[in-house]
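The structure is given below, and queries will be raised subsequently.
Chain IDs A, B, C, D, E and F follow the sequence of writing; residue 1 opens each chain.
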Amino acid sequence: MVLAIDRRIGKYAILLAMNGDQEEFPVVTPSQWKSCMGKVGSMDSQKVVAAIETAAKREGIIKSDGYRETHALYHAIMDALSGVTRGQVQLGSVMRTVGLRFSVVRGNPYEELEEGDWIAVALYGTIGAPVRGSEHETIGLGINHI
Amino acid sequence: MVLAIDRRIGKYAILLAMNGDQEEFPVVTPSQWKSCMGKVGSMDSQKVVAAIETAAKREGIIKSDGYRETHALYHAIMDALSGVTRGQVQLGSVMRTVGLRFSVVRGNPYEELEEGDWIAVALYGTIGAPVRGSEHETIGLGINHI
Amino acid sequence: MVLAIDRRIGKYAILLAMNGDQEEFPVVTPSQWKSCMGKVGSMDSQKVVAAIETAAKREGIIKSDGYRETHALYHAIMDALSGVTRGQVQLGSVMRTVGLRFSVVRGNPYEELEEGDWIAVALYGTIGAPVRGSEHETIGLGINHI
Amino acid sequence: MVLAIDRRIGKYAILLAMNGDQEEFPVVTPSQWKSCMGKVGSMDSQKVVAAIETAAKREGIIKSDGYRETHALYHAIMDALSGVTRGQVQLGSVMRTVGLRFSVVRGNPYEELEEGDWIAVALYGTIGAPVRGSEHETIGLGINHI
Amino acid sequence: MVLAIDRRIGKYAILLAMNGDQEEFPVVTPSQWKSCMGKVGSMDSQKVVAAIETAAKREGIIKSDGYRETHALYHAIMDALSGVTRGQVQLGSVMRTVGLRFSVVRGNPYEELEEGDWIAVALYGTIGAPVRGSEHETIGLGINHI
Amino acid sequence: MVLAIDRRIGKYAILLAMNGDQEEFPVVTPSQWKSCMGKVGSMDSQKVVAAIETAAKREGIIKSDGYRETHALYHAIMDALSGVTRGQVQLGSVMRTVGLRFSVVRGNPYEELEEGDWIAVALYGTIGAPVRGSEHETIGLGINHI
């Protein structure tokens, strides 16, 4: 189980989330991998979770039915949110809001075939007071086996 | 106070931390900004903190004497470690180890001059069991005014 | 202060919470102990706290007036919720819901009379997405002197 | 994805961990499921993690090589430890020690075959000051897809 | 960077918050320092944050425009709330409410001029169930460079 | 259950901890109350817990034998440490050290006799890098029924 140099799933996810509309970083994930991107801005952490989950299911990154893949994705999202919130996974209840781009990437980042699929959720954007401009950048990455 | 498009201090810090030896991402920070990079691998979270702090002082990113800038850096490091550890800022005590590249970037990411200097600490690498290969990627970003 | 083998208050509480309608585990708590059971399902953590507190007061497990016993019960509930939520004591705000059975048991689990009464709160049920079946089991136990 | 009444993997795990030497609860897990039990007492949280992981690999509950199953088990252990420690996953560093029985159970608790295998880690025992008898019961359960 | 005996900014802030209407503790902060006080009672943590921030801006303790000083104050408030809530920065969502007096003090507590201004946020009051009298005291202090 | 104006146990505890050698705040606790004070400086959180517990037992604030009172004190200490550490109850493992004065006060702060004894643990001092002067003030208060 060695992470392959050119299959860094977390790095791909981060670049996709940071790419913005200009696509300044050319990201070519390995063939057979799946990925999607999206945007969400909210003071409500529930809406962030829902936006990512909805996109991942709509784009076919994970199965819409069944619990297994939803469970894998959920915990990857929670891990990514930990990085964004750094301490308490709370937004509006502590008077802050986020404006995020997200990506979800699915594939096997290891040399060994039997490691199977993993999922990476990356979040990049801003966090701050609910006042335009009163914000700084924030990032989060969650990785899970799926 | 608007984050300038081409002065995204967190994005620069992340790219520097992910760049590795190949410097695959050409990162040109604004002139007058300061930055440094380094590597640290440990089961001891204290060593991660110390490695970053030592590098930042040695490279002149923050002042070596006085407390003010050390305090700003310390909390940025703790925020970055939150993203890496996602929940409990513990490594060896919960049987895991990290292999990280880090960057520290200092500059003003806002349009307005009076926002002054901010500091970004980015961590990128792997976290996992103390067994080679039993690990996945992890990332963390902390940003503070300085 | 030695925990008596046949007065394991936490074990009794867990069995009562897991017993369900079939009462598959015959639980006979020591005479003079008090206990109650109930059910609560919600995305709102406040409702879980309220349901347990209301039942414990209505069934006479703790005194309805005064603060002392309410304080003891409250912290036992919070400890039990920690086990259920594992990290952030949040439900709906991170897009998850619980379906729980709970029990509250009061008595002295120690050999020594002077250890006085203690209270155990046990929670057992499911946690997961707000979609039927997208859930797994969860448990929590809080114990406090009262 | 419906949790089957007679395949409650968490309930089985809890009963196995609470069973003690007397095996007071007859636990018959579904055929083809795997499970193991063990004991660990320590002020060192790392030793608790290691004891469970070692037992699960030695007893063939998870594969010894590869990372995927180790990753699934690790996060189930961390979730179970959250319930035991209720807040900070720390033992000796906050002057407390645990004496625990643990179980690891692997199987599919859902009606649907495609939900695949899940793993449950249960911990039951005492937590308290490093003085004999100065302790109360504690429990933790972690469940993950594997 | 040595904390000056008679410029203990945190101590001043605590005394101001504990002073109440009787002003039982004569607090004379160093000349050129700024401070304000206020009261807030709520089950909604967002309202506590907002009350402090609004008072600090209205009284000119921090600049109303720009992000830098708002960021410094915000993290000092969050640190103070950590002390008040001890674990989860949540109020109503875990069925508790606070009645607090707060103070914000700004000045340089160090012997050295170059340490610049720091900000202290102190909270003192009660926390408990949303029932009059079912509460005990609580305190929190956050200190940050500004 | 109403907190009596002149029996604010937390306020007394805080004043005692902030009093220092000069005893600048005249603190006269109600007769029949018990209190003790002490100092502890360490990078090791375990030593802080031990110092307080040892002092409280040696000075007769709580009973040396039995678990009940030790349990009440322990959780009050942990709550106070939460305020001091604001997030992670860790010192050396995140490269910081504390220099604290502590007080433990025992008595009934309520108007009603039946609320019985409560215990308050207050911590006041500095937290920071393990370099003389690289520190700021910190405070914590824990209150529990006993």
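One rule holds in what follows: a contact is a pair of C-beta atoms (placed from the backbone, for glycine too) under 8 Å apart; a residue touches a chain by one contact, two chains touch by 3 or more.
Since the model is a prediction, treat every value here as computed from it, not as a measurement.
Common neighbours of chain D and chain E, listed by label, are A, B, C, F.
Both chain E and chain F derive from one sequence, and where they touch, over half of the residue numbers involved are common to the two copies. The rotation relating chain B to chain F, fitted on Cα atoms, amounts to 120°, rounded to the nearest 5. With centres defined by CA atoms alone, the chain at the far end from chain C is B. When chain centres are set by their Cα atoms, the one at the greatest distance from chain A is F.
The mean-CA centres of chain D and chain F are about 35 angstrom from one another, to the nearest whole unit.
Touching of two or more other chains is recorded for residues 1, 67, 71, 78, 87-88, 90, 93, 110, 133-136 of chain B. The part of chain F that touches chain C in the complex is made up of residues 1, 65-68, 71-72, 75, 110, 112, 114-116, 144-145. The touching residues of chain C, when paired with chain D in their complex, are 1-3, 8-11, 14, 18, 25, 78-79, 82-84, 86-87, 109-110, 118, 120, 122, 124, 126, 132-143.
The touching residues of chain C, when paired with chain E in their complex, are 44-46, 49-50, 53, 67, 70-71, 74, 78, 81, 88-90, 93. Across the complex, chain F is touched by residues 87-88, 90, 92-96, 128-129, 131, 133-136 of chain D.
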